[in-house]
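The structures come next, written out as structure tokens.
Okay, so chain A shows up in both of these, paired with chain B first and chain C after.
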Partner chain A sequence: MRTDKRRWEQTKNALLFMGPSLLIFSTVMVLPFLFGILLSFTDWNGLSATFSFIGFGNYSEVFHDKVFWSSFVLTLKYVLCTVTLTNIIAFSLAYLLTGNLRGRNFLKAGFFTPNLIGGIILGFVWQFVFSRVLTTMGKSLGWSLFATSWLSDPDKAFWAMVIVTVWQYSGYMMVIYIAGLMSIPKELIEAAEIEGASSFTRVRKIVLPFLVPSIIVCVFLTVQRGFMVYDINLALTSGGPFRSTALISMNVYQTAFLSQRYGPGQAEAFFLFLVVAAISLTQVYLGKKQEIEL
Partner chain B sequence: MKRIGVLMLSLALVLSAGLAYADVHITLLNTKGEIQAQLEDAAKAFSAENPGITLDIQPTPTGSSPFQILSSVYASGNAPTLYMGDTNDMIQFADKFSDLKNEKWIKDSSDNFEQVTTASGSIVGFPFTVEGYGMIYNKAVLAKAGVDPSKIHTTKDLEAAFKKVQATGAGALVIAPMDWSLGAHFLGIAYSLTAKDQAGLNKLVADFKAGKVDVSKNKAFSGLLDTFDVMKKYNVRKADALAVTYDECPALIGPDKVGFYFQGNWTWPQISGFATDQKGFGFIPVPISNNPADFGNSGIPVGVTKYIALDKKQNSAAQQAAGKKFLEWLVYSKTGQDAVVNKCNIIPAFNNVALEPKDPLAISIRQYVAKKQTLFWINMPAPDHWSKVGASMQKYLVDKIDRAGLYAEIQDYWKNVK
Partner chain C sequence: MSENSMVTVGRRTNAVAGYRFQKKLGAAIKLAVLSILLVLFLAPFLMVLINSFKPDAEIILDPLRLPTSLRFQNFTVAFEKMHFLNALYNSFIITVASVVFIALFSSMCAYALVRRKSRGHTAIYLAMVASMIVPFQAIMIPLLKIYGSIGMLNSAWSLVYMYIGFGTSFAVFMYHGFIKGISLELEEAATIDGCSTIEVFFLIVLPLLQSTTMTVIILDVLWIWNDFLLPSLVLLAPLKRTLPLSTFYFYGTYTVNYGLLLAGLVMTIIPVVVFYLFSQRYIISGITAGSIK
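Let's look at the complex of A and B:
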């Protein structure tokens, strides 16, 4: 009797605190997600009142779609480039800014600012930079690299997206790395210094192992954002020139809403979810093994 | 208990009285962002002349597809009374729209354009805007070069005109490289010349899907692309043809920097902002052969690009009646006509509207309509044609693929479209 009452008390408390957010989470995240999976097995066009189940038809269509795969491979390339570059730059900035640099607070704020600008605006600003500012500079200074707009060439347009993404996220990841660097015990580094460890050895043997939790978080965030990116893709290149830079999210959107093929669009989206989940979980799992307990 | 009963009764009375005198509230979902403010003014004028009806103009974000917007408003039960959309939207959502075939304005609509008729024979669209496109020319540049635009009937004539304009130091033309412009509009001319009307288009599309069309043997496509080759050669921005933005082109044709620009009358507000002469522009057809008498060398595509439909599923009878009243008001009242023609700068599809449009491109279109020299406006029944085939046209523009490659991509598109 007593334990029953206590259990009820506990459930009540749990419901009181978790209930509202649980309700919202399930109505706006879980249900639409499940409904989306359901729709990927139908021939619904996004509009009609009736639809029928067609099994794995949409999935087999997606797996045979060359455009989807080329877009997927491009996205992998994009994720690889942005994750590597963002994290290297973010770590370097964080390492420099935790040292004895003058004006480091100002610099921190400066590097963080791009992250506060929305991706759409950022895309339009950089579109102007790539197609007007750099081309004008290129012409007057005679630099052939900038003579034509980067956004009108498929390869250069890809790198333009990478540059803008790295520029946007480096500041954010830098903040996470700074927090990680601050928590490393000073005496360990000082002791290593006295023992005669070079600065490179200090970074490799002390700083990096201690920083593993931050690295896990940063890599996770950049991987996930890289796969999901849509705003920069839309505002900077909108998939152009000639649909050569349409990343996976844009491809999903276009299949569902432009081509009005809802089922295959949902199937693509669910496939994307599986890939991102698998990569992120593996990465977190492998990363956790590297962590050191103090 | 009794007191509560009285209270309830009086409350019910107050409520019902309130409802009886309440305004009929209707909404128009506007998918033409550039005239949002003008439409809001028109709605106010309409409410002032029709007490008891309030009309709200709902804006839609630019860039999102009307299809997506309409699917979500219907799914959420918030369907607007009136919805603005193109032919394909009308047909796809036809079962949700009222039949307008007994409306007064049907008789007065111009017979240059087909009505949106559904399989069951009902008419679901009120023709709201008429638009046209072709080769826009700048009168001052052409006069300086000694070119008479009314004498350009063939591809050779056009090339000669380009040469003469270039000799004066101005640029010959600028090509706007957007996928919708190249895929839907420019290539649309070839589809239009082959199909001639809606029934012809349906057959052409069916033939394409069945793989029965060899584009390379189609004279309209090859002739049009021959002209495109000439345009590519004289394009002022040929060195970096894909970097040209939609906003840049008006800044070239407006202030007499180029002689020609392929686009439609919707770009007039932008050109007007740069124009040295507010009257000095017009359209000529895009020639498709070297025989002036060939079909297509004397006409430009003109069509109804936005219709207004009336919802019958989620709006009350009173709201539907008020919606019909608004459509009638646009055609027959002085203020309505003034709002459409003078405020929104729209070319009306109705013969009874006598107001002359103010901008030179609209005037030019009205002349083609009056002479019956209009080509069928293509509304492609495949929703992503403009984007996918537009991308192929972009590749062709920068010589990423050759003519054979372009033909192959067009035929591939139709083979794979669902």
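Let's look at the complex of A and C:
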């Protein structure tokens, strides 16, 4: 009797404590994820109540879709550029901002500001800058680089996307790098300085090895955000001109919701998931290995 | 003291002074460079602010010139056309409700997961951690299909429900990491004194989780307040729109009225800046804590 009562008590508590989270998590994340895999093997069009299985039909359609591949390659290029530039700039800012500098907190807060504001708003802010402010400057100063709006030129529009993304995330990653830099023992750097190590050597031999955990986190975050970017893409260029800047998330959205091709859309999304998962896991694995070697 | 040694001492202080001067100069240059960078960094916002006071013709003529007069007409018109207060209210309710439930449910779940070890619990925890790398795009189509078919779209509460679902894994992960480090002694003492598990959690454990709760709240507020894609799929009626949504549709409708658009942007940015002024310290430390994991 006694143990029965205790067991009931335990079950009740487990339900009370984990029930809400588990119910919502499984109905919002797990169920749609599994259903999504199923959906990618069907010919569902978004409206009909029934659908039939077509095996790998959607996947082969996606793999033969030139538009999808060009947006995928573009996304890879975009991720490569933004991850590299964001991390270099964020690290440089962080490096300049550590040490006894007056107004340090103010500067730090200032560089972080773009991260408080949504991608849609940031995209519109920069749309104004690129199409109005920079063109006026270009004309009045005679700079041909800015004479026409970057957003109406397929090549430059891509770089406009990169600039806005790097601009936004540099401040975020800077905060993480600053935390990493603060954890390096001061004596170590001072000792190296006294021994006559140049500032370049100090960065390479002491600062960077200590920063490996921060670098892992920052690269992980920038890679993930790079693959999933949608808001800035939509607000800044809406994929244009001539689809030259439609990144993969936008492609998934357009395939599924605008062309009503839900099966192929889901197949694209699942492909995106596999790529992101593979890259994230490899990166975490390589990072961990690096950490142990230290 | 001989004259000779006096000279050496003098030289040494000179060298020290020289070194200090160099350091100070270095710091001054650094500060100057960083300040200029910051101004350039924030220039886009400044441009938007300056131009939001001008009539359209003036903006098109020269966006770099300061406005000739402070004119609030753009703001009053945009305020009305965007249904600004309405959108602000929707954003506020959705964000607060989602964040409160995420923090509450996730802390309780993480507590149970840590304190009652079993294979099932480990599996649940691992599933949650693994789910963090799933991009939203891989979920959105089936999510809409499922919730659309049971008529749960177009409601703020469905959106809150979904945010709780998407926010759970990260929050559980954060709380899990922290609770593991809390010693059992206090809880055991409280149990002996006759506290029930619920009382132990709310009276003893939850107050200890304050710093993690702060981190979870900050990261989730930034995410939910600014999110666009999910609400754009769920909230269909114009009056249910959140701020990013109403800004987006406002832009679609008034593409040529720069003054109005810029005033709209300024108004959506202002609440965030005000919030930032009060909570800047917490935000920066919250980001740091959230990323170290």
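Observations, loosely collected:
Criterion: the second predicted complex is superposed on the first by the 271 of 294 C-alpha atoms of A that agree within 3 Å, B and C clash if a C-alpha of one lies under 4 Å from a C-alpha of the other, contacts with A are read in each partner's own complex, and residues count from 1 in each chain.
FYI, a residue touches a chain if its C-beta (ideal position, glycine included) is under 8 Å from a C-beta of that chain, and two chains touch if they have at least 3 such contacts.
Since we're looking at a predicted model, the values are computed, not measured.
Applying the stated clash criterion after superposition on chain A shows that chain B and chain C collide. By the touch criterion defined above, A:Thr98 reaches neither chain B nor chain C. Touched residues of chain A were counted for both chain B and chain C, and C has more of them. When the two complexes are overlaid on their common chain A, residue A:Leu151 makes contact with chain B while staying clear of chain C. Within the superposed three-chain model, A:Gly240 lies in touch with chain B and out of touch with chain C [touch as defined at top]. Once the two complexes are laid over each other on the shared chain, residue contacts for A:Ser70 go to neither chain B nor chain C. Shared-chain residue A:Gln254: touches chain B; no touch with chain C.
Remark: of the candidate stretches 146-154, 182-190, 200-208 or 272-280 in chain C, the one overlapping chain B after superposition on chain A is 146-154.
According to the touch criterion, the shared surface of chain A, contacted by chain B in one complex and chain C in the other, consists of residues 46, 257. Partner chain C is touched in their complex by these residues of chain A: 10, 13-14, 16-18, 20-22, 24-25, 27-33, 35-36, 39, 44, 46, 93, 96-97, 99-103, 107-121, 124-126, 128-129, 132-133, 136-137, 167, 171-172, 175-176, 178-179, 213, 217-218, 221, 224, 227-228, 230-231, 234-235, 249, 252-253, 256-257, 262, 265-266, 269-270, 272-273, 276-277, 280-281. Taken together, the chain B residues at the contact with chain A in this complex read 65, 67-68, 71, 74, 92-93, 179, 239-243, 245, 383-384, 387-388, 391-392, 394-395, 398, 400, 418. Taken in their complex, chain C has these residues touching chain A: 27, 30-31, 33-35, 37-38, 41-45, 47-48, 51, 59-60, 62-64, 101, 105-106, 108-109, 111-113, 116, 124, 127-128, 131, 133-143, 145-146, 161-162, 164-166, 168-169, 172, 197-198, 201, 222, 225-229, 233, 243-244, 247-248, 251, 258, 261-262, 265, 268-269, 272-273, 275-276, 280, 283-284, 287-288, 291-292.
Within the complex formed with chain B, the chain A residues making contact are 46-47, 131, 135, 147-149, 151-152, 240-243, 254, 257-261.
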